[in-house]
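Read from first to last, the chains carry the letters A, B and C; within each, the first residue is number 1.
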Amino acid sequence: MIAPAASQRLRPAPAMAAFAMLAVAAVVSVITGAADLPVRGVVLEVVDRIPLLEVDSGFTARQRDVLWQLRAPRMVIGAVVGAALAVAGAAYQGVFRNPLADPYLLGVAAGAGLGATLAIITGLASTPLLPAAAFAGALVAVIVTYGLAKLGGAGRTTATLILAGVAVASFFTALQTYVQQTSSDTVREVFAWILGRLATFGWSEVLLVVPFVAVSAAVIVAHRRHLDVLAVGEGEAAALGLDVGRVRVLVVLAATLATAAAVAVAGLIGFVGIIVPHAVRLLTGASYRVIVPLSLVGGAAFLVFADIAARTIVSPAELPIGVITAFFGAPFFAMILARSRGAG
Amino acid sequence: MRRTVALLLVSLALVATACGDDTQPANDTSFAGDAATTTTAAATSTAPPADAITTSGVETTTSALETTTTTAVAAKVFPITVGSDAGPTTIEAPPVRIAALSATHVEMLYAIGAGERVIAVDLFSNHPAEAATKPALDSFNLNVEEVIATDPDLVVLSFDPVGAVEALEAVGIPTLLLGTATTLQSSYDQMKLLGSATGLEAEATQLVEQVAADIDAAVAAVGDRAAGITYYHEADPFTFYTPTSESFIGQIYGLFAMENIADAAPDAAGQTFPQLTPEYIVDADPEMIFSTDPSGDVTQYEQREGWGAMQAVASGDVYFLDPDIASRWGPRLADLVAAIATALIDHVG
Amino acid sequence: MSTVRLHNVTAAFGKRPVLDDLSLTVPSGGSLAVIGPNGAGKSTLLNAIAGLVAYHGEISVGTTPMRAMARSTRARLVALVPQSPLFPAGMTVFDYVLLGRTPHIPYWRSEGAADVAITRMSIKALDLSDLEDRSVDTLSGGERQRAVLARALTQKPEVLLLDEPTTGLDLGHQQTFLELVESIRHERGTTVISAIHDLTVAARCAAEMVLLSGGVVAATGSPATVITEDLVRRHYGAAVEVIATSGGPVVVPLVDQTTPSTTEPTK
């Protein structure tokens, strides 16, 4: 009799399912759009890109540009941003032992937004200082949120951290809105930012964001075992030999960096960090060894799907992607809040 | 529970795949060739455009400004590089499929004779009447692929919150970003720029001269009778953000040497749109009030607390401007100036 | 080898000292029961040995002082079964017990086959094999205590610290648990220090006993010498009768029966 694999290690079936979803999302994303690109042509174009293979897709130069300069980078950005936000959410949930923790709800995203905005209005938009500014803002926000929550004292519940996060988020978003409005006639840009936008990216943005997200994701994935140890509380984790302080600092830094990179490039997109890790939990159980990697892939798939919806639901116009994620996220949030009520 | 959710996700994925599979067009006609083949000079016309600017009831007098006689410009050699707010753009050949997603620039294009080349407009493009019949796109929630789907060879935008310029350039579509005019001259410059971009430089120059002449005429008709008259231009009846004389429309009023009450507002220093309070406005008691409310209903002013006692309200000096004309900076600027002139003449008697 | 020595240990929370210049020794492989009234410092003592609270003085296991030890080294040496362990929802028993291998797994690595095997063995030793895949928060009290003990064993410690391990367990489970601990101590030569609430049970489960009161050692020795009516009255403020039996002293609380019951019907 084969002993059951009791340890919640990442099994091949869920991993393959997640990648399959991402593949489907990616394919649908590049064949969807107002500019008419026939499916057959798209397939041939992709095949043509495979080294050593040469086929003629029959596309005009413009069609090729739409595919490779608009749709493909947009899909990749969506995947990278989705992965970043989802894995950051899982990481925050593990470190703060709070099922409601999410980059948006903790105010981290708003902090990143303020940092990025300040960088933009001081003329540093195209430099590496933009993500650095976003990161600085995000870091300040998470520290303030955590500090505020600690002031809650003995009455602390899971909701206290989120309340602190909402307060911080509101404050930073208000500051950011103010800054944007005083700098020039950019009211529309403010709204475009606040609800998130995956619109119209070239590969330069992709290259800007990918290294940060890759490093952060690597750090968080490397700490997935440690997040499981933290689940029994800091005292017991320390007694088990875990360097709790070091783990928390590294994981929070990584999650904050991932969030900052995502926000710097795509604006405020909320709830991804809640929806995806919890969906994974529902399907595969509570071990971070499974949740972290699956959130990475699942988050990518989720945001690409959300972007497809944003582009097609109110066609010919385009919805900000934050609307889609909030639409699905809010009920999710309510459900988790109800379940975790009273949990300390 | 787990299985249900899993099934749900799988079916979602399948549905998404199904939705993405477009019907393949039998004939791929949507991208009908990249290069325009029309010759450059053929499109130029020497007669003034059909929807010429009509000046309302004001004598036309020749202006004193220097009129550079525009001889028919020899066929301009394309490709040319034009600069807009988004930087320089190279236009290979005179555009014949222009997506002008800005009401002001639609008016400009029609006025220089490029109207039939406009293939897409934005939701607010209602002038001239033919423009309103063209396919309209949402310029606020811009969907770049929708723009591309109209197969334009030139795109004109007046604002770009989503980075559409970058995207369109990436696909090889020249795009001009022409933001809200800050001075009368910048408005003229934009008209000339569109002229260069479309190979209709002569027409554009002529248009600019015509508009300038009409404006001068309207101003001259009033003479110095308007000098020093205080006015309040209501841009926002809810929050009272008001243009000062430094703003674009303020400069228009400035042509008549009128005085804007917003200039002296407490926080107005350095701002073109300070927020006033109703108390301040009542206190300043301007001689004339200009409103862009399309209803033209004066009673709303009479009903406001304390406003009934203002001289402008009491003596019927609340004037209504067409909101479209007052918010755009295209060829109908002359109409705006003329409307203000008419109001002034009515006021001073 | 795994002798536990405390020398002039003082631990304080703010200004108030909880452990006051405490010194004691537990021989390698021995068992010590720590008793005392609430607030005497029993938990703090165990936590100090586990390195969870700051202290002045010296604590050593064998010849090594604990203070200088790296956290993971300490966790390989000392395992703590806390008073109120946290049982995360959704964590399987297997994963919970596997947590005990944390100090043995290098920081950047995952568990290996050896870790899995040791975990399996601990689970088997504590009769939890059928519950491997169950979520820990669905276990009964007795099963939970066994799971925590299994986790502690997986650490392969030389010193086992038990903080009120039988709280909330019924008699049967209490007995089973304590017998398990004893057999582990015999098999592996682990030094066991337990903080126990119930004096009679404490007397049964250790050869040596220490009475902590007000952060200092009030009495030390065999259970019979430490548990006396006088000491109990003095430090617990309770009147009891101590009955000596062959197995050790039995403590019986004395309830005053002379005052009439106020609930008797007057009719």
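As a convention for this text, a residue touches a chain if its C-beta (ideal position, glycine included) is under 8 Å from a C-beta of that chain, and two chains touch if they have at least 3 such contacts.
Note that this is a predicted model, so its numbers are computed, not measured.
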Have a look and report which chain pair racks up the highest count of C-beta pairs in contact. A-B
Can you identify the chain nearest the overall CA centroid, using each chain's own CA centroid? A
Counting in whole Å, what is the centre-to-centre distance of chain B and chain C, each centre being its mean C-alpha position? 81
How many angstrom lie between the CA centroids of chain A and chain B, rounded to a whole number? 39
Report the inter-centroid distance (CA atoms only) between chain A and chain C in whole Å. 44
Among all residues of chain C, those touching at least two other chains are none
What are the residues of chain A that contact at least two other chains? none
Could you check chain B for residues that touch two or more other chains and list them? none
In the complex, chain B touches chain A at residues 1-2, 5-6, 9, 12-13, 16-17, 19-22, 24-25, 28, 30-31, 33-34, 137-138, 140-146, 148-149, 159, 161-164, 166-167, 170-173, 180
Which part of chain A faces chain C closely enough to touch in the complex? 3-4, 6-8, 222, 225, 228-229, 231-233, 235-243, 281, 285-287, 289
Residues on chain C engaged by chain A in the complex (per definition of touch): 50-52, 71-76, 79-80, 82, 85-96, 98-100, 102-103, 105, 107-108, 110-111, 116, 120, 132-133, 135, 155
List of chain A residues in touch with chain B within their complex: 20-21, 24-25, 27-28, 31-36, 38-40, 58, 60-63, 65-66, 69-70, 185-186, 188-189, 191-192, 197, 199-202, 279, 282-283, 305, 308, 311-312, 314-320
